[in-house]
Amino acid sequence: MSRLAGGRYGKAEVRVVRVGRAAAPGGGDVLRDWTVSTSLSGDISASYLTGDNENVLPTDSQKNAAFAFAQRLGAVEPEAYALELARFFVDSQPPITRARVAVDEHGWDRVGTRAHSFTRNATLTRRTVVVHDETAGTSVISGVADLVVLNTTGSEFWGFPRDEYTTLPETKDRMLATEVSATWRYRSLDVDWGSAFTAARDALLEAFATTYSYALQQTLFAMAEAVLAAVPASCEVRLRLPNKHHFLVDLAPFGQPNDDEVYFAADRPYGLIEGTVLADDAPAAGLAWE
Amino acid sequence: MSRLAGGRYGKAEVRVVRVGRAAAPGGGDVLRDWTVSTSLSGDISASYLTGDNENVLPTDSQKNAAFAFAQRLGAVEPEAYALELARFFVDSQPPITRARVAVDEHGWDRVGTRAHSFTRNATLTRRTVVVHDETAGTSVISGVADLVVLNTTGSEFWGFPRDEYTTLPETKDRMLATEVSATWRYRSLDVDWGSAFTAARDALLEAFATTYSYALQQTLFAMAEAVLAAVPASCEVRLRLPNKHHFLVDLAPFGQPNDDEVYFAADRPYGLIEGTVLADDAPAAGLAWE
Amino acid sequence: MSRLAGGRYGKAEVRVVRVGRAAAPGGGDVLRDWTVSTSLSGDISASYLTGDNENVLPTDSQKNAAFAFAQRLGAVEPEAYALELARFFVDSQPPITRARVAVDEHGWDRVGTRAHSFTRNATLTRRTVVVHDETAGTSVISGVADLVVLNTTGSEFWGFPRDEYTTLPETKDRMLATEVSATWRYRSLDVDWGSAFTAARDALLEAFATTYSYALQQTLFAMAEAVLAAVPASCEVRLRLPNKHHFLVDLAPFGQPNDDEVYFAADRPYGLIEGTVLADDAPAAGLAWE
Amino acid sequence: MSRLAGGRYGKAEVRVVRVGRAAAPGGGDVLRDWTVSTSLSGDISASYLTGDNENVLPTDSQKNAAFAFAQRLGAVEPEAYALELARFFVDSQPPITRARVAVDEHGWDRVGTRAHSFTRNATLTRRTVVVHDETAGTSVISGVADLVVLNTTGSEFWGFPRDEYTTLPETKDRMLATEVSATWRYRSLDVDWGSAFTAARDALLEAFATTYSYALQQTLFAMAEAVLAAVPASCEVRLRLPNKHHFLVDLAPFGQPNDDEVYFAADRPYGLIEGTVLADDAPAAGLAWE
């Protein structure tokens, strides 16, 4: 015999674009370009067991609400939007006791001082995930993804153990590149989301650039601590850093030097370093990472 | 103050291809085409805190071991390979107390009866994740991904609640399509991995095809139960089913009928249904899903 | 001063799915899953020069026609569909003198003998491009893409020139893998499109598998000739074959042999071999490859 | 009977990263991040017909040369690099009469004023293709790809013909977004490549932002003319502009207004507008676009 041990359902990747007409400081438009995913859970097991949809608010309705809330709330920060949307589902649908709303924000830059023209800024993706649970309360995590950074020097790697499969030479100078996926958990809901995001992003960049690195792990920890320091409202940081290997090309067979000038950028495989850093006084995470 | 609350590191996406020369029944070659990712944890905090790599077996060594074990073990099932590789890291590196080895297997079909020629079979990706922990023991999960299936009829959706954002009409006949991501946990390590995989895959397909569906949730549960029934060695099934919407195109403006014949296959957004089904006598999951 | 030297416009990647209910031999459903792109040209320069759209049939209308023709024509071969749709645009819009219709067909297999259930067969993508021009006439090219094939032996590479940048050793036995993009041009419009496609695909596979290869170029030529031989209605074949390198892994540092058993499948860079083979009596290509 | 009507071969997507140490104005590093593809043709038919590789410089050697030239030339503009590399192949290999070298340059920004730290700037990809032919001479085309731009207003679409499949309403105000692929051909090889690229890119952006648009075709022509005007060394511009549809969401069923504020960003299908604009005094293109 078996049983349903967990379930949730929703609409994924709703492409919501919200223009705040003349809403920018100085009068130009604001552009919020979001990929929104909603997911509901609660008393929904009948749909799994018998196909009874009495408690299943259609995912199409969730999509409609995602658009309607974007209109009603204005071109707000994604965290503020996700909070309102998550609460709406739980408050308005009695069988639904938990909602998860995830927003990926795609960046745009104004073209010079023009009010209405934009170019896509793909430097990073801004992310947030709100979980609102009737019993466990509400959590907000935010983060960045797709942020690729590189130091041309200031990185070593040596002193590691050598087993029978170890052929890697030690190095006192290497290129270090990674694609930052960072997520931080907030202590409360009383946060200036935009400023906090900017501070966290800047702290990540600054820590990556200024940490003299003996291991990507060390850089990871420094980046996480920098976020905690720059954003007092944050209490936990999770980082996932692929080591995007840049191998120095051996030009000696062609009689040429290569004084840390020419590299082969490898695709796969890549190192992958993960870590979680927690403030000593962090409240329990609850459902934040579900 | 803050602290490292969790960390692991390894080599991701090592592209290992193992030919079993004349190893097939009847004498042709066997081709194992794998993307292997290894990840180690244990007494590694010094690398995060100070860049001391004394306990950090290089990810490059992990990659070398991934290739070396493929040679030594032969063209075996991916679960058998992952088990050996995970145990090796923990057994040979005292500071390492846990290893996670994930293998994606990409399918190939022999061209007719030819011994040495293959075509890529991209119908699905076979997956396995082994976690071997010095204390918590060893777990194996296996699964399929990228398996796209479709029923041209035999699916309804009605009887759902309607809120102020609900405009979806009820339907007594719709096309149902999804891309199956399914993972099942094994009760033990004493399993005929190849047969179990085939039985699980066939059960998923058969349950999808034969379940008259009032909700994709219902289809999901039926598919999970079918795996548990077909593979007694499995005790838990997790499914993630995107509802790949196919919308009937309204041809009335052009004076044409559309009797369930012409559909628009939408990309985004899509419904997303998730569920976990557990055998009543399932042992605790431990670290299997980490 | 400058001038418009060429222009065309249309709707790209319309996702048309056509079910032929009970249309298969034996009674099950037929599934045509297409990505359709239309492109029109003719007397359309005003839209470029002044934004005058008098002659610009909207791309939205082209999309609607793509769906409507799928209904009207039934679950026909993609070449037959593309021909009708291309003629329609030119015949019905006087300023439009040329239409190009491209169809990518995504494969599906019936699940066993079930009438209504399918699994996606991603072994290859079937392609066709029809160009219909009021003056130059009508051409049909068809092809395959995404077809990945591999020989575990039967390939050598030696006897090449060596310059100052050459370090590659000669080899008398290597693995040979490629992702076939092949396109063939038909001599006429009086063709059994389905049979011709099957014959061409089978000829490509057979030639790849049976050609003992001293260069991927040689395999390419053999594959092209095989299509011309198998499909008398074809008169020109274009092939694009990436050399998907599989490098033998050096396991000697670990004291292990590697008798052509363990390979690293590289992503980038890759060799890329292109070629066009023409029947001696091929009619002029006209606009077929535009 | 059939014959080889065309062939070329080379190495595709070599990932070359060149650091110019302290080479930036002011002393920081310069980072050239390139994906380089080389392709050779000439007296190479024997490799296709019989597998005789006597004239086939290995693609591996081409790759090595790509790295070696990056070292020797320094962190130069991609056009300068491609010219040198193309000439080398033709000059050094008598059977090779033509070389095509394509470079995609991936952007990086310095982190503040730091000398060694960079973030990936994915706003656009810079491209160049050099064709050097023993007989036909040398051509350079350059361009941008992946540049996504959007105007929140200033675009209309009306006055188009209506056929039986036309349901699209006319609009006097719509959002206009596209992903710019632009390529321009140079008249000569005596060009300041860096300045020309910047001028062309700025002209594209400015023309997109300032053209009041009655058709994306009109915007395309304006963008092309702007490049010709801003870069006197250019003589031909080719543009490919997908119309990335943003559909105004109908919120009326929910009792909400939508005054050009909330849009659904569609993936597929999309309009696709192509055009070529030629200076009246443009020299013949020769092999530039091969």
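Per-chain residue numbering starts at 1, and chain names A, B, C and D are given in the order in which the chains are listed.
Everything below uses one rule, namely that a contact is a pair of C-beta atoms (placed from the backbone, for glycine too) under 8 Å apart; a residue touches a chain by one contact, two chains touch by 3 or more.
This one's a predicted model, so the numbers in the text were calculated from it and none came from an experiment.
Peer 1: Measuring between Cα centroids, what's the chain most distant from chain B?
Peer 2: D
Peer 1: Out of A-D and B-D, which chain pair has the most contact pairs?
Peer 2: Spelling it out, more C-beta pairs touch across A-D than across the other pair.
Peer 1: Averaging over Cα atoms per chain, report the distance between chain A and chain D in Å.
Peer 2: Those two chain centres are 30 Å apart.
Peer 1: Please report how many Å separate the Cα centroid of chain C from that of chain D, as a whole number.
Peer 2: Comparing mean C-alpha positions, chain D is 24 Å from chain C.
Peer 1: With chain centres taken as the means of their Cα atoms, state the distance from chain B to chain D in Å.
Peer 2: So the centroids are 38 Å from each other.
Peer 1: By residue number and range, which residues of chain B touch two or more other chains?
Peer 2: 15, 64, 68, 165, 167, 253-254, 267-268
Peer 1: Which of the residues in chain D come into contact with chain B in the complex?
Peer 2: Residues 164-165, 167, 253-255, 267-268.
Peer 1: Would you tell me which residues of chain D are touching chain C in their complex?
Peer 2: 1-15, 35, 37, 39, 44, 47-65, 68, 92-93, 157-163, 165-168, 213-215, 217-218, 220-221, 224-225, 228, 236, 242-243, 268-280
Peer 1: Which part of chain C faces chain B closely enough to touch in the complex?
Peer 2: For chain C paired with chain B, touching residues are 15-21, 29, 31, 33, 64, 67-68, 70-72, 108, 111-112, 114, 116-123, 147-154, 175, 205-206, 208-210, 246, 249, 251, 253-254, 256-267.
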